[in-house]
């Protein structure tokens, strides 16, 4: 059973990748701030851009032939997520989502996230991912995932 | 090219089916009301309950063998939607979504909707649907769709 | 009662402004395409960027003092929306949302939209907006809205 | 700094309250299952129904005069959330969201959740909540929150 073990730092310098996005009005709620559920798609959007940045667009990871390592037919379902909301986000905020991969095992990996606005921490988060083939069966993680993980686990 | 032709009445008595739901806090926005995009899943939820009520759960419509009429393997993609927002919805409002099917052709049908809170109209809407097989190709509408349509088209 | 009167063209050259976004995995559904409700936040995101581009960020339109024209304290609620889905969008598609303002009256205006992927039309849409003050009362439209509207109404 | 300390049991009998809901098609994703972000509004919907069940509808908690204990003007923002996804949810699944309150302090409380379908565990979760007044300042938790917490913390 995977257990989230990463401790997300609040220093952007500790992260390997950063993706910038802007909050949407549709994501706010009647408290006048971004609803807490809206953060999960932010993390996902950053993951997708990270995979693209290292040459493994999620579309290719998911599609393609069910073959060898990195050859497609793989999915990385979210097994666990945790978010720590530190300061609220508002409509139209420009958010930098920093992330780094860590805690890689043969079949799972974790990602730590830091959300900042103009460098000020707003939230930290961790996701734990599995790896499944196109039939939903547990599969071995492609080698390039471990290669992208930071030593600071 | 289908064109929405139904005129949704503001009288609940003109509708064949009604589904009750409660708005979620997550669906509100920073104006303090339910965000306009949240209405589309309300219409969809009502459609799903309507199909169940006439003995054709959407799961069965979509799944099953790709066979004869009503035998599954069909999808009813939304080709057009229009919503007329008349009065705002708030968090925790109990909303009655009334609907009726109309304007059925060989390959499309339309649904008119009325959203009320304690009988008071809040929104009206129309969706236009196609019919496709499991490969996404246009397919003939199952006969039971037309059977469920009202004469008031 | 406002009625949508704009006819959205399928030629990007007919639009005054374009905003590019990328679809999210969270916005897809079990049909394997972007869910039809996800398009409404795309339109909204494009509107917000359009207002910013003409020097009236929505934050300023909404906030600030409730004063004269363009002085803030205004909201542009969506009174009507209609979307015509022409071709599906997939996960990770890069979507250009073109828009133009039209049909401006003393208290309402409309926006026509065209969504394209690599220039190929995927959807067209129209929104009708009112103008209210910070107490939700109908208010006169700031003059700069009309100034931004195209002659091709 | 609050830290989630509850350990959500996988036995529905360990929970004080249960709310039933049905997953929406709009909540599924291209993997054919309910998207992981959709679970957070499920937790929220269950919280809202729980508050109603103990005589403190969230609308009253948030609205009303900013007065004594339980007199309104309070909000319970989510400070932390964690979800453990154990088995996927599909479209149209009927989900029982069980919850219990625990780990109550002077200004925070936690809720443990279990999501089941026909008694089979699908996910567990914990939320940590603060208490703020209508100006967003930390406020003392109304006494009735502690009264509703279970001894099994």
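The first chain written gets the first letter, and so on, giving A, B, C and D; residue counts start at 1 in each chain.
Here is the rule we go by: a residue touches a chain if its C-beta (ideal position, glycine included) is under 8 Å from a C-beta of that chain, and two chains touch if they have at least 3 such contacts.
Remember, predicted model here, so these are calculated numbers, not experimental data.
Engineer: Which neighbours do chain B and chain C have in common?
Structural biologist: Touching chain B as well as chain C, we find A, D.
Engineer: So which has more C-beta pairs touching, A-C or C-D?
Structural biologist: Ranking C-D and A-C by C-beta contacts puts A-C first.
Engineer: Among the chains here, which has the CA centroid at the largest distance from chain B's centroid?
Structural biologist: The chain lying farthest from chain B is A.
Engineer: With chain centres taken as the means of their Cα atoms, state the distance from chain C to chain D in Å.
Structural biologist: 35
Engineer: CA centre of chain A versus CA centre of chain D: separation in Å?
Structural biologist: It comes to 24 Å between the two C-alpha centres.
Engineer: Taking each chain's centre as its mean C-alpha position, how far apart are chain A and chain C in Å?
Structural biologist: 30
Engineer: Could you say which residues in chain B touch two or more other chains, in rising order?
Structural biologist: Correct list: 25-26, 37, 40-41, 44, 91.
Engineer: Enumerate the contact residues on chain B facing chain A in the complex.
Structural biologist: For chain B paired with chain A, touching residues are 25-26, 28-30, 32-33, 35, 37, 91.
Engineer: Looking at the complex, which residues from chain C come into contact with chain A?
Structural biologist: Going by the criterion above, the answer is residues 24-27, 40-41, 44-45, 48, 57-59, 91-92.
Engineer: Within the complex, which stretch of chain C touches chain B?
Structural biologist: Spelled out, the residues of chain C in touch with chain B are 4, 31, 36-37, 40-41, 44, 75, 77-85, 88.
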